[in-house]
Amino acid sequence: MSERIGYLGPPGTFTEEALLSLSIAKSAELFPLGTVFDVIDQVQSGDLDRGMVPIENSIEGSVNVTLDALAFHASRVVIQHEVVRAIRHALLARPDVSLEDIVAVCSHPHATAQCRGFLTSRLPKAEIHAANSTADAAREVAERPEAWAAIGSPLAAELNGLVVLENDIEDRTENVSRFVLLGRAATPVAPSGSDKTSVVCFIEKDRPGSLLAILHEFSDRQINLLKLESRPTKERLGEYCFFIDMEGHAAEPPVSHALASLRTKILEVKVLGSYPRARDA
Amino acid sequence: MSERIGYLGPPGTFTEEALLSLSIAKSAELFPLGTVFDVIDQVQSGDLDRGMVPIENSIEGSVNVTLDALAFHASRVVIQHEVVRAIRHALLARPDVSLEDIVAVCSHPHATAQCRGFLTSRLPKAEIHAANSTADAAREVAERPEAWAAIGSPLAAELNGLVVLENDIEDRTENVSRFVLLGRAATPVAPSGSDKTSVVCFIEKDRPGSLLAILHEFSDRQINLLKLESRPTKERLGEYCFFIDMEGHAAEPPVSHALASLRTKILEVKVLGSYPRARDA
Amino acid sequence: MSERIGYLGPPGTFTEEALLSLSIAKSAELFPLGTVFDVIDQVQSGDLDRGMVPIENSIEGSVNVTLDALAFHASRVVIQHEVVRAIRHALLARPDVSLEDIVAVCSHPHATAQCRGFLTSRLPKAEIHAANSTADAAREVAERPEAWAAIGSPLAAELNGLVVLENDIEDRTENVSRFVLLGRAATPVAPSGSDKTSVVCFIEKDRPGSLLAILHEFSDRQINLLKLESRPTKERLGEYCFFIDMEGHAAEPPVSHALASLRTKILEVKVLGSYPRARDA
Amino acid sequence: MSERIGYLGPPGTFTEEALLSLSIAKSAELFPLGTVFDVIDQVQSGDLDRGMVPIENSIEGSVNVTLDALAFHASRVVIQHEVVRAIRHALLARPDVSLEDIVAVCSHPHATAQCRGFLTSRLPKAEIHAANSTADAAREVAERPEAWAAIGSPLAAELNGLVVLENDIEDRTENVSRFVLLGRAATPVAPSGSDKTSVVCFIEKDRPGSLLAILHEFSDRQINLLKLESRPTKERLGEYCFFIDMEGHAAEPPVSHALASLRTKILEVKVLGSYPRARDA
């Protein structure tokens, strides 16, 4: 029986593209879901075997909803894999529409923001409309009678009967996104020799030295940190938890030692997973 | 001649509400602008005297576009003031529409996300549409013939001829936002006795100990940090700058000492401003 | 059968005075020994039940020979108790000798150094002779026909038939010494509620951050350090081990956590003992 | 006119040997002085141009009296040079005395302690007498009619008409001492490209994090520490100042930056000098 893998949909998102880059996706049944929460819930409940969600974008920063879901909501899922992909935006339209005809451009506000330079110079008069995702934008453009264009992926064009009018219209070429494949916590990934561990550290209120205390566990053991991000704990402005990615696997020293010691210092350490480090991450 | 103050518009945003809470706004001419970048640009160029922008939300985290604009774009502006406001979402509709009639709800995706509970239980069948801001949503709802509702502020209702169908529809009551008033760097704010300083620290590539080095300057001088946030520097996934808010004023020790020493340790320290600390921040 | 307790002799040393201040000494058999090594050896071998040695002097610093013996030589002994005593030097002579007669002063070089002011002003013409201990000096003065004086304790005067010509002749009044009572490692001391733990940390060569790594374990857990001293490891100039005294007991958190974590960071942690903290230490 | 250089005498000490290894000593007038304080005083007053004193021994640790004199007493002198020498002890006697005849051995207690193995196995019956220095011991042995031996340097033998009965009688071969040449503060030493800086850091009472604060200034700037030693400040047991040797010159970054910042963090930083680093230090 083939695996069941969910992803943040609708079909045509960059998340689907990232999932399709994995060999595991070839023989699996894929399910687009409406929110990151839905993906996590269905992996936790066992309805899905795994799920793919976006976690970081080099321009927009972390995907807050994914971080929050992993920190505050997820309890029986772990990160098993990461995929890093260059994000290229394309201008998509119906086959009968050319660039000069376009009166409006529709996309997720982030995508629109990333293409501001192109829009200002080439489509200065087009109205800007918001959509809930780039894939939704493509669908809306396909359905409308007017000469609208969408900003999205070539996959989204294909899925909605659109064509690519212009490739790589983003302002910066260094737009990279990171996606993670989630599985059930009962099936952690064994050390591969080049791994990465993601954790969330929760600290008590009014403990100003806590971040230093956390960092010492890693710096003192020469554990290389790959990412550090503070997030409000959603209870009061100014209180934080810390998302940390580090080199190494949680089942092996020195990471295992660092985490054991950290647990005696702070409120809680939640290991989101240890998994092979993507080459380009 | 009255002062000219810009803000992130359109009229009816929470940013306008925050600006109106300041006595300085009473006698000033106010200008709604389309983007945070526009506000900063016009303060820098001298077209505006000051400008108000959102910088942090207790649920959604930092407003990335503001942080990035201050870090990478702004050069002759400083934060002069902060305003902290509880964010209350209301459901807005035309006066002739009642809750039962509503077929669609339109708002900025963040606002929609913050009211998921209300929407699921009270308007389970309504379609969800995206808008570029809560104020835009209110305008669109006012113009449409269908029975749509917007999620936004009472101010947005008033400005667009709508009425409030339901107040405080957000899932969490602890939804607080922070806004900052920007002015020209030539007019910094003198120490008030209870101040806050915001800085951005840029570090060189491949210097894993840099964050510790930064934190030591503050911890060793018993300077209380109020916020720490890492952000990608937009050049490559995994490289960061750090936004730090601390107690104290940059013109007085120990903060002045810490910043002077920090400048000899890392690539660049950009002081975004020292300003009176809001009581509820 | 009464306990057998050794101490750094000969009779009349400040170490004997410190030992006599303990109630345990009342019913014990006391044995003066020639060196700190001898005391430790005989406790280790079981010839003695316990042993008293000097470990620190507020003016002269640590007693190196005791630190080295504990760090590099002792293996089955622990510190069970500490005694802190004000050190008062007296000028001792035979009963028939008065201050004006004295032609030479004899003592351990440290004692002589601590009374430089007195010797310069009151006995400017006296020759200074070295002895291996203040007690040895008293014995030598008692045996010599010439009008010599010794610097030492009233107890040393009593034991050698001398009298005190002048009390408290030291330059500084704040001359305090610390002594420790050693017992076998099989009989550690249970937590008393106000304890102190002494450890030696050995670090690998060429690990410049090791001291910081050590200190972090304590600072991050708010463990108060009472003393820190580096000592060469006797192998090459410039390599060190660290003697650390801290508040708390090694059998209880947070000290137990700190030591467990430290063992995963550095070469070796040797616990010299946990024992009740002296009131005046 | 030739330079006047003092040293810790009497003639025949290892300090004189170290001084004679410097080319500067060839054309200078050399003055043996009784104490380290005398050497420092006469350099300060201008009676001497420079002075040589011992500062560290790989087995015995730091020379406390030198550290204290530099920390608490010296004010217008700086370290200009360091000399590192292997310390070899020899057994010295009158030419008519052979090993079998010896009834007593005389030396500074440290030297005697360093030759304990030789004395136990080869001269088990000899009495041990204390002297104020190895050079004093040689003089006393030369003057006595009995068959005494001294432990000291070949130079001391030569100066006192003794002969070397046995070379290299110390227990450990790795016995290395460090000596420093002091000059007036008005004549600091320019950077040589491979320098070392010695400082003393004084901290306020009850500031447990001060040592960490000090170390951060160096670790955060990748300044390599060569030595760290805490010493009581002679006021109360348990209060310390820190002697630190580091790579680099106080007139150049990063050391200049570290010291400037340190001055804003702690009570006082006293620079003892920047000087060329000895090859074998």
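As written, the chains take the letters A, B, C and D, and residue 1 is the first residue of each chain.
Going forward, contacts are C-beta pairs under 8 Å (C-beta built on N, C-alpha and C of every residue); 3 or more make two chains touch, one makes a residue touch a chain.
These figures come from a predicted structure and were not determined experimentally.
Quick check on the contact network: minimum steps from chain A to chain C?
1
Taking all residue numbers at the chain C/chain D interface, are over half used by both copies (same) or under half (different)?
Result for this pair: same.
Roughly how many whole angstrom separate the Cα centroids of chain B and chain D?
Roughly 62 Å separates the two chain centres.
Let me have the rounded angstrom distance from the C-alpha centre of chain C over to the C-alpha centre of chain D, please.
A distance of 23 Å separates the two centres.
Mark out which residues of chain B touch at least two other chains, giving numbers and ranges.
Correct list: 209, 212, 216, 219.
So which chains actually touch one another? I want all the pairs, not just one.
A-B, A-C, B-D, C-D
Under the touch definition given earlier, write down the residues of chain C that touch chain A in their complex.
209, 212-213, 216-217, 219-221, 253-254, 257, 260-261, 264-265
So in the complex, the part of chain D that touches chain C is made up of which residues?
56, 58-61, 64-65, 84, 108-109, 113, 128, 130-132, 136, 172, 174, 176, 178, 208-209, 211-212, 215-216, 219, 224-232, 234-238, 240, 281
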